[in-house]
Amino acid sequence: MQLGLVGLGKMGFNMRERLRAGGHEVIGYDPRPEVTDVPSPAALTDALTAPRVVWVMVPSGSVTHDTIVALADVLSPGDLLIDGGNSRYTEDAKHQKLLGENGISFIDAGVSGGVWGLTDGYGLMVGGSADDVARAMPIFDALRPPGPRADGFVHAGPTGAGHFAKMVHNGVEYALMTAYAEGYELLSAADLITDPQAVYQAWTNGTVVRSWLQQLLAKALEEDPGFSRITGYTEDSGEGRWTVEEAIRLRVPVPSIAASLFARFLSRQDESPTMKAVAALRQQFGGHAVKRVSESG
Amino acid sequence: MQLGLVGLGKMGFNMRERLRAGGHEVIGYDPRPEVTDVPSPAALTDALTAPRVVWVMVPSGSVTHDTIVALADVLSPGDLLIDGGNSRYTEDAKHQKLLGENGISFIDAGVSGGVWGLTDGYGLMVGGSADDVARAMPIFDALRPPGPRADGFVHAGPTGAGHFAKMVHNGVEYALMTAYAEGYELLSAADLITDPQAVYQAWTNGTVVRSWLQQLLAKALEEDPGFSRITGYTEDSGEGRWTVEEAIRLRVPVPSIAASLFARFLSRQDESPTMKAVAALRQQFGGHAVKRVSESG
Amino acid sequence: MQLGLVGLGKMGFNMRERLRAGGHEVIGYDPRPEVTDVPSPAALTDALTAPRVVWVMVPSGSVTHDTIVALADVLSPGDLLIDGGNSRYTEDAKHQKLLGENGISFIDAGVSGGVWGLTDGYGLMVGGSADDVARAMPIFDALRPPGPRADGFVHAGPTGAGHFAKMVHNGVEYALMTAYAEGYELLSAADLITDPQAVYQAWTNGTVVRSWLQQLLAKALEEDPGFSRITGYTEDSGEGRWTVEEAIRLRVPVPSIAASLFARFLSRQDESPTMKAVAALRQQFGGHAVKRVSESG
Amino acid sequence: MQLGLVGLGKMGFNMRERLRAGGHEVIGYDPRPEVTDVPSPAALTDALTAPRVVWVMVPSGSVTHDTIVALADVLSPGDLLIDGGNSRYTEDAKHQKLLGENGISFIDAGVSGGVWGLTDGYGLMVGGSADDVARAMPIFDALRPPGPRADGFVHAGPTGAGHFAKMVHNGVEYALMTAYAEGYELLSAADLITDPQAVYQAWTNGTVVRSWLQQLLAKALEEDPGFSRITGYTEDSGEGRWTVEEAIRLRVPVPSIAASLFARFLSRQDESPTMKAVAALRQQFGGHAVKRVSESG
């Protein structure tokens, strides 16, 4: 089928490739001339045959919001807009309402798989009405991995459910990464272990902990043994924060996801104010030495 | 090659099957007549051609220790004993010394894969000398999954390294399970999500969080939707505790592994004394209501 | 000076007592006839001499909001309203604006001390303009403990700063309670310790951990040794949740406050869905026994 | 009464002062000539009238052990040795046995209060027989704070109970410090709060969180606003590690104590290997940027 695709960055670019390889007609728009198929959003809508399906794949937050607002003006009643970015699920009802006022349908789609999705397929979690989901199914089928549909795609519920599921997915992802990373640090710290990388390589098959992320960690260690070329500075994209906020709203204890989030915050601090306060307290009551600023490495 | 196998429980029984299917001659001993090949440990050593290789696959702790002590008496110089159970790695040097005094070699082997190892192969992490490891390699090759040896087997270091790596593996396993489980609880608590099981099924392919454990959770949810038939009571086998103890010894922060361990402790308490104290404190300073014993469900 | 006090519950009732004992004229309003001084909010404003100072001490959330909205109608330009409840600090700017449109000033005040404040004085954290704070200072001075003003009172910053400081105070309070409570559980679990209560009593003086909360825990243990009469079920009032949400917004790692919050959530669950999922996973890969619903106590 | 005191460091020196001020005859030994009363341990025992009471106040671990072994040789049957250092409680039974073989009694004493104990008195937790404890009571009474004995002293149980209680005390202390420190970081991060130090000062009186440690944090902030002169590097002395190890042995969940311990480990790392692994993983699956070593500040 025909699809308009707005946003041809790391994700959108690859998705266009995969969809075209799957036999679909994709017309992509991106402000960067070197990747775009059409010169403007208006040109995109002109190039598409109504009723149109347009997939928005741009950074979450204001960029997504502004893009949807702009498309609401140029799309027509009966068109369908799919937000495939990492929008917070609470945005979805607002966008559905905004578009619905112009007769435009809305699906929220969580897309997982990163840069590997081009070849392996993308895991998809979508929210919206059954009719809208059915209408876009050829696109979902081309994007998702081969095999049973239920193994790489889910219609998770009404509007917002797709992004909610993706948010939880990313929260879990945070905690999985921390789990493997703590194991790596333990193996690295132990004199007994000759080569932590070899252990991670050996875990890729047969073990209970085997996974795609685990394979990637083995690969990363192979490429940069001991991670000597990088720091531990780690950004967070919002999904982890939202997951913990949502857990609080729902009164769900999530100690391991929260620990993973806090570890990222900490990784970006030069000095921890919390630990300065602890060090200062120890000195106050016990006369314990503190490390002065001038002593620090 | 020929192997003696002591212990034919859930793990040992399946390993005998897999080794025989791999063309090896396995003589198994177990106190249960219905599974054993020989009537006694002495009969086992008699039945094996020296120099022997004997694999011990019995519960860790005193059972493993007593088994190794008993075998030290009936084995001969030049024989090789492999402890494939979940022994604490600190036991290995003692057992190596004990056996070494009788000229018997020792390998510690961590074996992962659970009941699925029979068909999928077992992930193996071993410690010991290069010569001893080479000698037992045909056995390791038959037990591990097909494919490159380095993807399911590692000679992790000297004596103790195999069990150390397995201990860390299990610590990571605890944290992975908690990560997926927290995600499950979040999905279950959200009204938006129509069917958490379907989301877990969809995560099995294409997503960043896909893994063998993730597939098992989807399977478990399919078999018992909402986990209505089980409680959250969860034992721990020792490996998780040892991992945190070792982390403390090595000064490695392991918040997510520790959180997973503590969650298991808590799952086995009818009432948390910690939370009783918190509830009592709230009542003291704020006059906040507590839930009396008679009110509890 | 003269003060109107709206809300004569556990906190407001005692505050009226303390203020009157401090020589102030307090006219209190509460819907409960047995405690109120005047029959209605309108009667309260009539009874006060303009420019009035009115302290609102009602449950946070909609009750506080509705009370402030109602008072905005009956108060006059030049009056000052103080919100002394546990409102979320993000509400304060809205209330300031709402009141400001009628020429009414606003102070947000965090009040700590619980039922003991009547005799010991209340710890106060306020936000607002310097002029407004100065105007209400006689009231603050009567409510706070005797001694230097800076030891029990702080003008923490502009509007919202008082409730923000109180929110953090309560987050810290959560973590302190958990700290003492974990220690209590450890002492209780140890055979060596003859009487945990006696240890907590002994910690009340001379030790590094001595505190008011610590004294209360000793007292609670004296009144109910072993906490045999209560369950661990513990409510949370919102401040702990907001603290963690705020920490996330500010990218501040708060593992111990978050752990304390999650422990409260957990204390209110009959069964943990997270641990059900963990138990189910263990059974899947290892054939480990689960505790069936019928087996649970 | 008469007391021999071995070890005149930060703690022992002050204790000698306080005991002498309390009317006791203290003969102190320390290898440093400028503080010692006698030139050698042998001279100490010579100077004391049998049956002697000797208090050992030296660093825990091998120094304490060696000191007790040496004293076992020079003391006489009927003498009493008190280990007042931060020994691990598991050492106590060994030392009791060692001394008991020479007819010497043993008490383990946990001493809290730091450098402030000289003036405020020390919180004491002791283990041993009732007779031995009664014998040393005049010393305990002089060391502990004035007021009821039960408020600053506890005979916590048999040998080991004193050090066990002190270990838990320190574990709780770790968690309390983290609680206050997290609150400090939150206040510091918030634009709304004009002066975090003023808030901590205001918390010293009337609030639920008031405590001695809280006062010390306010004092520390006054001396070094913003903690600009120190780093967060924080040692740990062993007690925190032992508390978590003991919690694991007793199957007691201690998330907040463990988080506090791990935060100290982390404070001493230049780079977190765990977070390097997380950063590397993010790059692998998502092509997310990592911070190269050369970019780090």
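Things to note:
Letters A, B, C and D name the chains as they come in the text, with residue numbers starting at 1 for each one.
Just so it is clear, contacts are C-beta pairs under 8 Å (C-beta built on N, C-alpha and C of every residue); 3 or more make two chains touch, one makes a residue touch a chain.
All of these numbers come straight from a predicted model, not from anything done at the bench.
The minimum number of touch steps linking chain B to chain C comes to 1. Of the two interfaces, A-B and A-D, the higher number of touching C-beta pairs belongs to A-B.
With respect to chain B, maximal separation of chain centres occurs for C (centres as means of Cα atoms).
Because chain B and chain D share one sequence, their contact can be compared position by position; here over half of the interface residue numbers appear on both sides. Distance between chain B and chain D, defined via averaged C-alpha coordinates, is recorded as 38 Å.
The distance from the centre of chain A to the centre of chain B, with each centre set as the mean of the Cα atoms, comes to 32 Å.
Computed centre separation for the pair chain A/chain D is 46 angstrom, with centres defined by C-alpha atoms.
Shared contact sites, meaning residues of chain B that touch two or more other chains, fall at 114, 178, 180, 182, 185, 189, 208, 212-213, 251-255, 259, 263, 266, 272, 274, 285-286. On the side of chain B, the complex with chain C involves touching residues 10, 114-116, 177-178, 180-182, 184-185, 188-189, 212-213, 216-217, 219-221, 224, 227-235, 255, 263-264, 266-267, 270-293, 295-297. Across the complex, chain A meets chain C through its residues 208, 241, 244-245, 248, 251-255, 258-259, 261-263, 265-266, 268, 272, 274, 285-286. Against chain C, in their complex, chain D makes its touches with residues 89, 112-114, 117, 120-125, 127, 144-145, 147, 150-158, 160-161, 164-165, 168-173, 175-176, 178-180, 182-183, 185-187, 189-190, 192-195, 198-199, 201-214, 243, 246-247, 250-257, 259-260, 263.
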